[in-house]
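Working notes, structure below.
Chain lettering (A, B, C and D) follows the sequence in which the chains are written, and residue indices restart at 1 in each chain.
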Amino acid sequence: MQFLQNNLLTLLIFLPTGGAVLTLLAKNRDAARWTALATTLVTLALSLVLLITFKTNFGAVQMVQEGDWIPAFNIKYKVGIDGLSLPLVLLSTFICALAAIASWNIEKMTRGYFALFLFLETGILGTFLAIDFFLFYVFFEVTLLPMYFLIGIWGGPRKEYAAIKFFLYTLVGSIALLIVLIGTHLYTKDAATGLGSFDLVKLPLLIKAAIANGSMSMDVVRWFFVLAMICFLIKVPAVPFHTWLPDAHVEAPTAMSMILAALLLKMGGYGIFRVAYPLFSDAGRELWMIVAFVGVLSILYGALCAMAQTDFKRLVAYSSVSHMGFVVLGAAMMTKTAANGALFMMIAHGITSAMLFFIVGVAYDRAHHREISRFGGLATTMPVYFGLSAIGIFANLGLPGLCGFIGEIMVLLGSFEAAKPGSILIQSGAASTRQIYPFAVSACLGVVLTAAYMLWTIQRVYFGPERAEYRGFKEVDSREQVVLWPLAVMALLLGILPTLFVFSYTDSTVETLFKLFR
Amino acid sequence: MTVAVLLLIATLLPLLSFAILAFVGKRMGNPLAGIVGTFFISASFVCSLAAMIVWLSLDVAEGRAFGFGGQPILKTYDWLPGGLQIGIYVDSLTVVMFSMITLVAALVHVFSLGYMADDRRFPRFYTYLGLFSFSMLALVLSGTLLQLFIFWELVGLCSYLLIGFWYEKKTASNAAIKAFVTNRIGDVGFIIGLGLLFCHLGNATFPGIWGSLGNAGMAQSGQVLILPMVQGSAGAAELSGSLQKAEPQFTRFPHVTTTMLTLMGIALFCGAIGKSAQFPLHVWLPDAMEGPTPVSALIHAATMVAAGVYLVGRIFPILTPDAKLFIAIIGCVTMTIAALIAMAQTDIKRVLAYSTLSQLGLMILAMGIGSWVGGLFHLITHAFFKALLFLGAGNVIHAAHHEQELTEFGGLWRKIPYTAITFGVAVFAIAGVGVTVGDTMIGFAGYFSKDLILHHAGAFAWLATKEGGHTAYWLFFWLPTIVAYLTAFYMTRCWMLTFAGRPRNQKLYDRARETPVMYIPLAVLSVLSVIGGTALGARQMIESAAKETNNYFDPRLRPPAVANPTAKVAQPAHFAGFSTAWQNAGAYAHGDTSTIASDAYRLGERSLKYVSFAFVVGIGLGILVYSKGLTIPNALLRVPPLRWLNIWLYRAMYFDEMYAGVVVACTMALATVAAVVDRYVIDALVNLSARVVRRGAVLARLCDQFVLDRAVSATAEMVQEIGAAARAPQTGRIRTYVTALMVAVALSLAGAIIVVLSTTGR
Amino acid sequence: MELTLAISSSPIIGLNHYLVLAAFIFVCGLLSMMLKRNAIGILMGVELILNAANINLVAFNRFSYAYSPDHKPMLDGQVFAIFVIVLAAAEAAVALAIFLNYYNNFNTIDVERAQTLKG
Amino acid sequence: MNIVAAAIGRPYIPGWTDLGPFVAEGWLIVTVVGLLLAPFFARRRNLACFLVALAGLTAALISLLWVGVPAPGRAPLRGILIADSFALLWKAMLIVFTVGVLFLWRSTTASEMREGDGPEFFTLLIGATLGMSLMASTTNLLMIVMAVELASLPSYVLAGFRKTHRLGAEASLKYVLFGAGCSALMIYALTFLYGMYGTLDLGAIARQVQGGAHAHPALLTIAFFGLIAGVGFKIAAVPFHFWCPDVFEGASVEVTAFLSVASKGAGLVLLLRVLMTFADAMEYRAAQPLVALAYAVGILGAITATVGNTAAFAQNNIKRLLAYSSIAHAGYMMCAVSLLFNLNGHQTDAASGVNAPAQVLLFYLTVYLFMNLGAFAVAALVYRATGSEDISAFNGLVKRNPVLAHAMMACMISLIGLPPFAGFVAKLNLMLVLMNNGGGWWILVAVIAVNSIASAFYYFRVLRAIYLEPAGADQPAFAGHPLGVALAAGSGLALVLMLVLASPVSALTRHYARMQGIGGAAATPATKPVVTVSAAP
C-alpha cells in the first residue's frame, strides 16, 4: 500500500504503456481489446485512489515523486498532482475507458490500434501529471505520434491529409514551446550551480526574481508568453489556429474524436494554466486584451462556423472551438471565478464533447453518412438515443443543471468581475473597466449562437416526421449505452454538484495560482 | 422555517414526478402516468396551501392580527466558489406565487388527462410538465439572482420541449427553436446584468442586493453611489439602521455609478423582455401556440411568461429612474401593439396569445411606473382568468377536433355550454367588469388589479408632469386606458365568434362535445376569476411583500411613522416626476396619504373615471358588431383603409417577416461567410502565401517544372515549391557545381574582404 | 606591409614574383576546372592549383622562413610541397581510375554527359 | 644540400609515449595490411576480409579505450598529432559506426559483391576510417591536409565501387572532381597561412593572430575560406554540398551510410578543433577575425540546414532524401561549431576544461550516428527486398515488416527531433547551448526550430508511405537479413534508450568534451608546441 501511495502517479502514467506492450503481444483481436479495456479500467480504478489520497485544501502540488533524469541540465523526473491536474487526470482515465469501449468494433489492425491508444493515454496522463517542464514537454509531444497514426491509419477518406495537418499544426506550436522551454531554463540560471530550472513549481518564482533583478527584460517575458500561448492556442484550438481541428475530427474514428476533443484539447487549456500564465503572469496581465480577443473570437466565430456546417461531426468540432474559447477567455481575465470556470469548462467540455462525438458516431454507424440534411425523425426512430443525445446537446449548449452551464456562466461572470476595482487587471493598470466590458458582453452573445445551432441541429436530425430509410435502425445497443450513460450521468452530476466534483479540488489551487499573479 | 420546508417539499414533489415518469413513465402508459403526475402536483398544491396558512398565521403566534406580516426567510448555500451562492428566499410574494402556480398547474394536469388522452406520447407530456412545475417553483423560491437564472433557463427548456411536443410538425419545432433562441437573446442581457451585478457585489442574495443598492430608485444620473458605512459621516446613521439586515460583505462598493446601475437594470430587464415576450422579442409567444393548449395555458399564459414580471419585481429596488422609464416604455409599447394585433387575429389561440402579450405589457408598464403591487397583483389575477381562457379555448379546440379558426366556429354554446359560460366569465374578468359603489368594489378579478394599475398610472402621470415633466408621460395613463377598451372589445369578439350566432361549419358543429374531466378545472378557475380580486387576499399578501422588501433598504419607504419626510433628493428636471412618482406611489401603497401622495392619489382616482366604463363600451360594441357572426365585420373590412389596417394587424405588423429578413438572414449569412472564410480563407492562407512565394521567387520558372504531389496539403505544397527551388541548382552537371563553388569563392572573398576592411578601418 | 618588407631585402626576382606566378597558375587551374568538358581537363586544373600551392610553399619557405629566429635552417614549406606532390599523384591515380570506370560505363569522359544524378 | 642536412639534424625517433596514444590508428594500419594479405589465405575472400576488418576494428576499439588519454603535459609526437578526450570519443564512435557499416554490408551488399572485391573494398573502408580518425586529432596544417586526403581518396573509390553500376560511376566521378577541386583550393589557401606566420601549427598561428602579428586581412580571409572550403566539402556544407546528394544516391547503401556519418562527423570534428584553437587563443572574445569566423560558420550552418531541409522535400529517392537530411543535420551541427565567442563567459569551462560546443557536437553526433545507421539499414533492407530506392518501396512496410517499419519510424521522428526519441534531447541540448551563448545566437535557434518543422514534411512522407499507404500487389512481406534487422531495431531501441538514459550519455559527452591545448588549466600543455619539422636545438 505504501508502495502504491509513493508510486501512484508514476504507476498511473506507465500502466497504459505496460498495457500497450501486452496488447501488442496479444494473440488475437479479442485478447487485444480485452487487454486494452482491462488496462484502461485498472487505470481508471487507480486514478480513483487519487480521490482518497488527495488533500483538498492543500493548494500546492502534492504526492510529488522526484528523481534526477539529466542532471547536466537539471532535468528531473518529477510528477505531482494538484487541483489543476486532478480533475483532468480523472477525466482522462474516465474518457479513455469509455473510448476503449467505443472502439470495440475496430476491425483493422486491432492490436496496433489499441497499443497506440494506450500509448496515447500514457502521453495524456503524463502531460497532466508532469511537474518538470521538460517532462511535460516530452509527454506533450509523445501524444502527437499515436494520434497521427490513429487518425492516419484508422481514419476516414481524407485521413492522411487530416493526420499530417494535425501533426504539423501541433508541431509548430511545440517548437514555439521548445524555445520557451530553453529560454526559461537559461533565464533562471542559478548563480551557484550555473544551471537553470525546469521545475514548474519553482519557475514562476524564479522568473519573478529574474524580472526583479533585471536579468530578464519584460520584452523577453512577453515573447515567451506569446510563444507559449501560440503553442497552447493551437492545441486548444483557438481561432485562427483552429483549422486542423475540423479536419482531424471528421477523419478520425469515433473513439479518437472523443479523445481528441475531450483530452487533447484540454492539454492546451491545461498548458495555459500550468505554464503560460503562472510563468509569465506579468506578460499575461499586459497582453490580456489579445488573449481575451482570441477567446471571444473563438467563441463567436466557432459558433458561427458551426451554424453553417452540413456535416454533423464538423459541426460538433466547431462547437468545440467555440467552447474552448471560453477557456481562453477565462484565462485572459485573470479572476478566480473565471479561472475556476475555465477549469470547469475543460472538464465539462470533456464530458459533453466526448458524448456528442460518440452520438455522431452512433448515427454514422447506422446511416453511413453524417449529412445533417439527410437525417430527420430520429427521435421517433430511436427514442432512447434521442433522450441521451438531448442530454449531451443541452449540456453542450450550457443548460443549467447540466455541466456546460457552470463553466460558461463562471467564465462570463468572472469576465465581468475583472472589471471590479480590485481585480488583477484593473489593479495592475493593465486594463480599465471600459476595456473589459466589451469582451465580456460580446462573449455573452455566444450563448445565443450556441443555442441556435444546437437546437437547429436537434430539429434537423431528430425532429420531423420519421424517415422511411431510417425506420429499420436499431436502438442504441447495450455497448453504446455503456458509453453514453456514464457520460450523461456525469454531465448531470457535474451540473448539479460542481463543487463536490471539481471545485473542491481546484479552488485552493486556483487560490495558490493567483498568489503568483499579483 | 416550517414554511420554507413546506415550500421546498412543494418544489421537489414535481421533480420526483419528473424522475419517476422519465424512467418508468412509458411503462405506466395512459392514463396512469397522467394520474401520477397529477397526484404529485396536487400534493404540491396542498403543501403550498399549507405553507400559506402557516405563513399567515405566524403573526397570530406573535399576538398580532391574522396575516400579512411574516419575517422573510433566507437560506443560502455556497454552490460555486467565489461567493456564487444559491438559496431560498421566502416572503409573502413567494408564498402567494406558490399557491397560484401549483393551483394552475394542478388544474392543467387534470385538464390534460382529457385533452391529451389520445396522444401517443402522453407519458412524456406529463414528464415535461413535472419538470416545468419544478423549475417554475424553484424559480420563485430562488434566493439569489443566479439561482433564478438557472431555473429561468430550465423553464425555457421546458417551454422548448413542450412547444415542440409535436416535433413531427415542422411548424412546431420551428416555434420551439424560435422560443428558445429568442429567450436566449433576452438571456444575454440577463447574463450581462448578472455579470455587472456580480462585478460590483459578488453574487448576492436578493436581500443582499436590495440592501446594497436599494437607494438606486432615488439616484440621479451620474451620481456615484457610495453607501457611507463609516460612523459619523453624513447620513450614515440614517442608513446604517436599514443596512443591518443586509449582509455585511455588500456594504462597500465605491465605484458604482448610476449609469452603470441603469445599464445593469436594463440588462437584467432584457431577460424579462425575452421571457415575458415584450417588444421587440415578443414574436415567439404567438408561435408558441403550436404547443398543446394546456401548455399554452400553464406556461405561456399563467406562469412562465409572468416570470419576467416577477423578475422585475425582485430587482425593482435597484432600478434607477432611467431604467424604470425604459421598462415602462417597453411595457407600454408591447401592451398597445399586442392589443391592436389581437383585434385582427382569427386563430382563437393567437387571439389569446396576443391578449396575453398585451396583459403582460400592462404588468410591465405597471412595474415601470412603480406600481409594484398593481403589477404583481395583476399577475395573479391574470393567471387565473388567462388560464381559464386557454383551457376554455382548449376545450373548444378539443371539441372541434383541433380546428382553431374563429371563422369555422359559431354557435358552439349549445354544444359546450359549460365551456361557453366559463369562457364568458373569463372574458368578463379580463375586460375588468366591476363597479365601485362608494368605497366598496364589486367585480371580477381583473377589475381590481387593472383598476389598481390605472389608478397608479393616473397618479404617476399627474406627478410626472406636475414639476415640468413632458406631457408625453400622460401616455402611460392614456394608452392603458385605451387598451382597456380594446381588450373588452376583442375578447367579446372572440367569445361571440366562438359561441354565439349560427354554426359556420356544420360538420365541426355536429361533432363537438365536452368531457367532464376537462370542465372541472374550468369551473374552479372561473370561481377564482370571480373572487380572485378580493377574497383570496392576494393583494394584501403582495402589499406586505412590498413592506418586507422595503424593510431591507430604505427608511424613507417604510411606513410613514419611520419615514423621514424632509429627506428629499434633489431631482433633475426631466425625471423629476418620475422618481417622485415612484417614491410617493410607494408611500401611497403604505397608506401615506399625507402630502403630495394624497394629491396624487386623488388625481389618480379622478382619472379612473375614464376607464370605469371601458368594459361596457368594449363588450357592448363587441356584441353589436359580432351579433350576426361575420357579416358586419366583413362588410366593414371592405372599406379600404380598414382592410389594409386589418391585413397589417393580421400579419402581426410584419414583425416576423422583418426579423426573418433582417436578424435571421443576417445571422445565417454571417455564419455562411464565417464558414466560407474558414474553409477558403484561413485554411488557404498558407496556400496564398505559397503562391506569393512562387510568384516572387527568382526561380519561378524552375519551380513550375516541378509540379508536385499536391495531395498532402497547401502548406506542404508551399514547402515543396521551396524544395524545388532549393534543389534546382542540383542540376547534376559537375560544371555547374564547380561554377557554384567558384561563385561561392568569389562571394565569400568579397564578403570577407568587406567585413575585414570595415573592421580594420575602425 | 610586412610582406613587402620581407621582399625589399630580396634579390631581383623576389617573393612577389613567385606569388603572382602562383596566383596566375591558380587562376588558370580554376578556369580549366570551370570550362573544361573533359574530366581529364578538370583534373589538370586541379593539378595546376596544387602546383600553384607548391610554388607558394616553396617561395614562402625560401624567402621568408628559411631560418628560424635562432638561425637554424627550416624546411617546413618545402616538406609540405613534397607531400602535396605525392598527394597530387595519388589523387591523379585515383581520379584516372575513376575516369576509366566511368568511361567503361558511359563510353565518354565528357562530364557534361554525367547528368543522371540530379535534383 | 647542407641546408637539408642542417634542417633534418638528428633524426626524430618517436617512443612509446609518442605512439602509444595512437595505437588504435596502428591497429587500423595493421588491419589494412591484414586485408591485403587475407585473400591469400582464405577461399571465401570477401567473408575473410569482413572478419579481418571486424577483428581489426574491434582491436582498434579495445586498444583505444585501453590506452585512453595520455596525461596532459607532454604532447605526443611533438604536437603534430593530438590525443585527447575529444578525439578519443570521436574515434570510438567512428569505429563503432564502421562496425555497424560492416554489418550493414554483410546483411545487404555482401551477397552481390563479386568474390575478390572484398579486400579492396575493406581496405578502402578501413583506410578512409583511418583518415577520418586522424582528422580528429591534429591542428597541424600538413596533417590536416594529409588526413583529409586520406579520408577522401578511398571515399572517391568507394562511391563508385560497384564497377558496372552506372550511377556509381557517375557519382564517383563527381565526387572525385569536386573533392579534388575543394582540397586543391584548401591547400592553396593554406599556403598563405604558412606564408604569413611561418609555421604549420595552427595553435602557434592562432597565438600570433591573437598577438596581432603581420596579418594581411585579405590573405587571412582567403586562408580561412580555403580551410572552410576543404572541411566544408567533407561536411557537405552549402555551397560545398553539391556532391553529397549525387554521391549518396549513386553509391551503395553502406557506403552512403558511412559517408553520411563518418565523413561529415570527421569534418565537423576537425572544423571544431581548428576553430576552437583560434577561439581559445583569442580567449573567446568578440574580436576579429573570430567574430567574422563565427558569423561565417553560423550563417553557413543556417543556410546549410535550410537548403538541406527544403531540397529534401521533393525527393523520391530515399537515399537522396537522407542525403539532404544529412546536409541539414550537418547544418545544425555547424551552428554548434559557430559558438566561438561568448557574451556570457568562456566556451571552455576553466576548471574542468569542458568545451561546450564540443559537448554539443559529440552528443549530437552520438545520436545522429544511430539515427542514420538505423535509417540506412532499413533503406538498405527495403532496397534488397524490392530493388527500389524509391519512397514508394516503403508502402505498407508496417504490414510487410513491422520491425523495420517501427525502427524507421523511430529514426525519422528522432531526425525531426521529437520525443520520445533521442534526437529531441540532442536538438534541445544544441538549442540550449546556442541560446545560452547570448548575442544573436537565438536567431540560429529560431532557424533550427523552423527547420525542424519543415523537416517534418519530408520525414513524414516516408512515415506516410510506411504506415498509411497500402502495400502494392508486387510488394510482399519480407524477412530481411537478421543482422540488418537487428541493426535497425538496435538503432531504434538505442534512440529510445538514449532519451530515457539521456543523463549518462550527456555525462559521457561532457566528460570527453575536452581538447588538448584548449581551455582550462587542466588541459593546457605545459610547453609550447614546437614548430613541426624544424630541428631541435
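Keep in mind that, in the parts below, a residue touches a chain if its C-beta (ideal position, glycine included) is under 8 Å from a C-beta of that chain, and two chains touch if they have at least 3 such contacts.
These figures come from a predicted structure and were not determined experimentally.
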| item | value |
| --- | --- |
| Furthest chain, CA centroid comparison against chain C | B |
| Geometric centre: closest chain by C-alpha means | A |
| Chain centre separation (chain B, chain D; CA means) in Å | 78 |
| Averaged-CA centre spacing for the pair chain D and chain A, given as whole angstrom | 44 |
| Separation of chain C from chain D, taking each centre as the mean of its C-alpha atoms, in whole Å | 26 |
| For chain B paired with chain C, centre-to-centre distance based on mean C-alpha positions, whole Å | 97 |
| Chain C: positions in contact with at least two other chains | 33, 42, 111, 114, 116-119 |
| Multi-partner residues of chain B (each touching 2 or more other chains) | 712, 716, 727, 730, 732, 734, 738 |
| Multi-chain contact sites of chain D, meaning residues that touch two or more partners | 173-174, 177, 181, 185, 245-246, 314-315, 457 |
| Pairs of chains in contact (touch as defined earlier), listed by label | A-B, A-D, B-C, B-D, C-D |
| Complex interface listing, chain D residues touching chain C | 3-4, 6-8, 141-142, 145-146, 149, 153, 156-157, 160, 163-167, 169-174, 176-177, 180-181, 183-185, 187-188, 190-192, 194-196, 198-200, 214, 216, 245-246, 249-250, 314-315, 320, 531-535, 537 |
| In the complex with chain D, residue positions of chain A that touch it | 68-73, 75, 112, 134, 137-139, 141-142, 144-145, 149, 152-153, 159-160, 163-164, 167-168, 171-172, 174-176, 178-179, 181-183, 185-186 |
| Contacting residues of chain C [partner chain B, same complex] | 30, 33-35, 37, 42, 111-112, 114-119 |
| Contacting residues of chain B [partner chain D, same complex] | 706, 708, 712, 716, 719-720, 722-727, 729-730, 732, 734, 736-738, 740-741, 743-745, 748-749, 752-753, 755-757, 759-760 |
| Residues of chain C defined as touching chain D within the complex | 1-3, 19, 22, 26, 29, 33, 39, 42-43, 45-46, 49-50, 52-53, 56-57, 60, 64-66, 68, 70, 72-77, 79-80, 83-84, 87, 90-91, 94-95, 97-99, 101-102, 104-106, 111, 114, 116-119 |
